Amino acid sequence: MTKTIKNVICTFCGTLCDDLEVDVSDDGKKIVQVRNACAIGAEKYLHVGNPGRVVLPRMRQEDGTYKDISYEEAIDFAAKTLLKAKKPLLYGWSSTNCEAIAAGNTLAEKIGGVVDNCATVCHGSSLLAIQDTGVPSCTLGEVKNRADRIIFWGCNPAHAHPRHMSRYSIFPRGFFSAKGQKGRKIICVDCRETDTAKIADTFVRIKQSYDYEVFDALRTLLRGEEIPDEVGGVPREKLQEVVDICKSGRFVTLFFGMGLTHTLGRNHNIDNGINFIRDLNDYTKATLIAMRGHYNVTGAGQVLGWQYGFPFACDLSRLTMARHNPGETTSVDLLVRHEVDACVVIASDLAAHFPFEATRRMAHIPTITIDPHISMSTELSDLHIPVAIVGVEVGGCCYRMDNVPIETRKCIDAPDGVITDEELFKRISARVDELLAEADVKNASEYLAKMEA
Amino acid sequence: MSEIIIKNGHVFDAVTGLKGDVADVCIKDGVIVDKVSNAATVIDAAGKTVMAGAVDVHTHVAGPKVNLGRWYRPEDKFRLGERCSAKLNPNTRIEGGFSIPTVFKTGYEYARMGFAFTMEAAMPPLYARHVHDEIRDTPILDQAALPVFGNNWFMFEYLKNGEYDNAAAYVAWILRQTKGYGIKCVNPGGSEAWGWGLNCLTVNDPVPYFDITPKEIVDGLITTNEHLKLPHSVHLHSNNLGNPGNYTTTLDSLKIAEGHTANNNFGRDTVLHHTHVQFHSYGGTTWADFESKAKEVMDYVNKQKNISIDTGNVTLDETTTMTADGPFEYHLGALNHLKWANVDVELETSAGVVPYIYGKNVKVCEMQWAIGLEIALYAKDMMRTMITTDHPNAGPFTRYPRVYAWLMDKEYRDAQLNGFKWSSKVIDATTLAELDREISLYELSQMTRAAPAKVLGLSKSFGGLAPGMKGNVAVYNINPDNMLKGLELEDALSKVSVFIKDGVKCVENGVVLEAEPVVKKTYWVNSSVPDTKQVIHDVSEKFLKYYSVNLANYEVVDHYAPNQEIVEV
Amino acid sequence: METVTITLKAVPDLYLECESVTPDKFAGKTAAEIAALPCSVGKCNYTLGDWFEISGRPGATAADTKIIVNGKGTDKCKYFGAWMTAGEVVVNGTADMFTGAWMEGGKLTIKGDVRSFSGLQMKGGEMIIEGRAWNYLAAAYRGDWRGMQGGLIRVKGDVGSDLGTFMNGGTIIVEGNADIHIGTHAEGGTIIIKGKAHRRVGGQMVKGEIYVYQGCDVMMPGFKKIEEREIEVDGEKHVFNVFIGDLGERHSKSKGEVIYGHLYTLKE
Amino acid sequence: MAEGAYSPLSKLFQKEDFEDWSKPHLVGQTTEYSSLLQLQAMKEGGKRKYGDGIIVSVITCTEIKQGIAIETGKTSPQYFDACSVIELHEEDFKTLGISKNTNVRVTSAAGSVILKASTTTQSLYPGLAHIPMGPWANILVPSYTYSTGEPCFCGFDCFIEPAPQEKVESAVKLMHEKCGLKYVGDPHYD
């Protein structure tokens, strides 16, 4: 006998599909079956029961092996490491719930750390562009109900957001878009003919790293000015065609992804893209949405936003004020420039997704990784603290790629003794308070001064 | 058993009718009482002004567009590298932001000015969770939020067909789902039209594809509101905001209230609250011949007893405009060429954000400043007129004390007026220079305490010092016997001597004390009106077909509002 | 002009934030008072005395105060001369981020390189960099549309990317080469690059002038050649190809004339 | 040309130049560097070939296979198979003179790693190669961020040589060795 949980939220990508059906065993300990999920989502739920789940914190030993320790020891080690560090980095946050992120920020504020989330190597540049030129956006439901022109630029939902096209962008039938795909024209711009490009009506292959120039050409054409015969490997006629398709639409939506943020120019590519959309609004209705990767990277930014006013790369080391300056307070720069002397990796895999130069630095400073599973980071850090999996073993609030908050659901119980991110951070904070009280000081700065004296 | 007695202060309170008389205020277990034992903590308020905790009827301090504003305006925060003085209290959280303060700064700053309650003025139901997330993290303040209904597809259908039972049932359902407080209506029809890049500029422009007019929407909403007997009236931001000559639209919108009578058990006798009227009182045809119509609008407001307004005073700062009026923000962005952010919300509303600099040497801004003050000064019934800056649209709420000072001290505002680059032009196009009126402390206590509490249907617990009301008391370093002027007055109003919330002293001489013990509450309205078959059917159908989330994942569950104060209707 | 010489005692373990090192903060203080000025590494608060040997004495006002910074490890110090309004600062070595950021007046000389965000949103004064400058030299802070307002920056070596983003006024002279994104969103001011620029010069610019003597590898599509003209730049006359742009942007009008940004490259 | 504006090709193979963090990043490391390679290529008659290796511009992106593998586990064989490959255009296989699924040594300004050369359905153009995001790709990704926080994940140049006799390392081993940590075998918690 199994019981079925309906309307489960898939905690893999920023699409945050909320229509999964999960069959769990009677004792509520095992997931038996998952319906409606994409291949990745299904794997996420089904492999939870795989053997080899870590249930106790593991401390790295001299000889390179790991030794299981109790949560108390782990929490004490974490609190002391963070207090001793002059400028610790707390990176990740994108695969946990907002409650945990809020608890983490409280801790970061106590120990004067730098809080940074995965946006820093993902859509950070998009956020920089938004800071420079704003963002005419809308919810995914608007796209579903109204859009008749869809542009995918430097993103590949077929691989990265498998159900995006069927739920929101290409196929769904909405209030004003009853014809579904038939009523829509799909444009795909990329340097490789991705599987998304194969579905598109128009595929524009541009030379790698020429996005900025191409956007500029489109905007120039939109204003009826002349451009060279070829821009970024695309003939003028093709660009004119794209402009005409957009202008003839009633509701244009541009989805963009890593193809823009990871390549030459970074924020400027998106900056110019946003301005292209803004210009289009003089002729028709146009919006754009960033294809956020991890399921709650947006939420991590939202919490930082309302607590300190910045979407990512938030430096709290002054203890009295928050500072934000990507290029200085972003994780990769902090690690590569040797600006931080301790590191906490939460709900993300720094070692697997950062350039190696940064990873090596992480491996050489005291590092604590908080992750339900074994990952590259856990294998390179001094301490690995296992936690419950958000969206499977614990609920909590998460934000979709269009900033819509959705409450994730608990499906099964976490393994005995394994605690949640939120509880963990609250306990570390409590331990920090104890240590400050013991040393009889007001804040971490004084604590460090006392230690040095 | 905490007891406090505030001794010998000059008490200004519209509820008990005290106009500066020296009296004691007693609080026991967080509630105002007649007397307390000798064990009570004594706060000496001799030579000081005592008022109830203030209430903000319209402010944008939580939610998606507010946070988008925070996200995309890092330049609105501390300047990098500048060493700010150590926090006065290590137990408070880091504060940041000027025009869009972080949640911590919001709570602390409001408390420093003596505010106990604020109303988040626009909550897109789909984003309700986000709004409550931020409200939960805002310290000290009691808060509530108004869901927007003016561009809601369900309401369009029901109101078009005059199905008021269904409309009422749907509103009640949304209030339960989103933990909302009342009915907000922003640019009726216009924000939906913005879904196609269009707008509704008069009350008679039909909404594209929905064959209903703003007039019908507002009229229907008022009917629904009184049918539901909600504590607050319909909260309207009418069409055609911020354009020269828009005062006619404003009057048309206000006239819709004629013939409606308030029907509720909360002591509210208005049926329509028109917000930030300053933005809606413009004459002329272009920015060139743009002039003030504050008098025309206020004359109507003064004689029409069943409507209330708030001012929306311009504070002459660099700020960030944000409203659910999508088309307006696009228009504004095209005017000042600054960064434009926009969020359209499926089936419900739209929203926009644009930074704006109210320059001291820009004619239009100087005019807007004057018009805002005119509106307050023309008001006859202070129980229907409230002071706001439509935070952060006309200026950040942290500038309230400056606005109060301008209103209470003619010299101060004339100095500002004559200091303008275009002062002669502003004096010609407005009547501010002729107005000698100075708002009294008692009138201030009405406009910032009793009136908003009454209009919001909270007069049983907020806005006064009568026994039984919440123990929210603000003590200012103002001696009515020798009244402060200008900057000093502004200063005294921005830093309370003591602020007591729910019987807990949480601010002293402008310094926030331990913020933790104060239990902040989230207010929301639970209407007993049951769902109708039709509504149940429509909801399940529309969610299946048009929404991007499932019905089951729409509700704001309890842990988003850990300390709820549920207003049962 | 009185001179204060401060010498770094040790190389900072992480990065030293010493925004106190400006004539404005030093002026009229005794050596002891200067030594008491704050600086910090991460969350640890120190005083200048903890990190620097301080000799000499400052003038009564910022204007007649000169600060000379010596010692190994200056390249791990941020904010030298930030917010300075008058006087002079000389750094004998490489300086890290935010050197001369938000500078309003006076003279700032760096004998080595400066790292990113130097001269950020500069309002006035003169900054001479004898080595190379990294990215975001004289750019606007994140989200701000008010970049460099005035003053002069002269770089002897190369510069990185995002030079003079959102520039409103002032002059930047680069004697070496430049990387990508020069004068993006420029709304005024003059950028002179005597070497070559890589790509994306003048993207989204609406006003202002950019000289790139040896041209750029890839020209922005939004630029149109209008004429060839002899112009005197930085004391020398040359014949330039004159381009207007960025035609993709909305340009304002004055007296019926549309205002464009101008890009000049040397005519071979 | 001022020192540092261009990085000589030789730097490619002198790893320690990139080990030393305190050296300022070369101005426009990746971009200027690639334009140098183009110059060189032109000199040699428009060929991108040097010795038996070729120069390609590499992008690293997410893929559904890699996505699933991440959920299966970073130490799983699926993850290894999904990420330890470099996808090339058929043309480039010809120029390299190797057949599909041959191991190659890939070297960038940041590092050097052995990968398996394979083809893809998501067609590239000659001179453009793709490595799925992961530890192997990141050995090659230059950490230069142009002061935006975003490293050069896409569009950095690499030198590819056939290395049929070399072995592709497991992620954990690779990381431990490169970081100079003691490798005691992949974790197993069965």
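First chain written, first letter: the chains are A, B, C and D, and each begins at residue 1.
We take it that a residue touches a chain if its C-beta (ideal position, glycine included) is under 8 Å from a C-beta of that chain, and two chains touch if they have at least 3 such contacts.
In this text, all values refer to a predicted model and were calculated from it rather than measured experimentally.
Set side by side, B-C and A-D show the greater C-beta contact count at A-D.
With centres set at the average Cα position, the gap from chain B to chain D is 56 Å.
Per-chain Cα centroids separate chain B from chain C by 44 Å. Averaged C-alpha coordinates give centres for chain A and chain D that are 24 Å from one another. Work out the mean CA point of chain C and of chain D, and you get 35 Å between them. For chain D, the set of residues that touch two or more other chains comprises 31, 146-147.
Shared interface positions of chain B, i.e. residues touching 2 or more other chains, are given as 72-74, 76, 80-81, 83, 338-339.
Residue positions of chain C touching 2 or more other chains: 116-117, 135-136, 141-143, 145, 180, 199, 250. Across the whole structure, chains are in contact as follows: A-B, A-C, A-D, B-C, C-D.
Chain D meets chain A in the complex at residues 18, 21, 30-31, 57, 59-64, 67-68, 71-75, 110-111, 120-125, 128, 130, 133-135, 138-143, 145-155, 171-172, 175-176, 178-179, 181-184, 187-190. Note for the complex: chain A touches chain C at residues 85-87, 111-112, 128, 131-132, 212-213, 215-220, 222-223, 225-228, 231, 264-265, 268, 271-272, 275, 279, 317-319, 324-328, 337-341, 444-445, 448-449, 452.
In the complex of the two chains, the chain B residues touching chain A come out as 62, 64, 66-68, 70-74, 76-78, 80-81, 83-87, 90, 93-94, 96-97, 100-104, 126-127, 129-130, 133-134, 137, 153, 195-197, 209, 330, 333, 338-347, 350, 353-354, 545-550, 552-553, 557, 560.
Residues 72-76, 79-83, 337-339 of chain B are the ones that touch chain C when the two sit in their complex. Within the complex formed with chain A, the residues of chain C that make contact are 13-15, 40-45, 97, 116-117, 135-136, 141-143, 145, 166, 180-181, 184-185, 199-200, 203-204, 218, 220-222, 224, 246-250.
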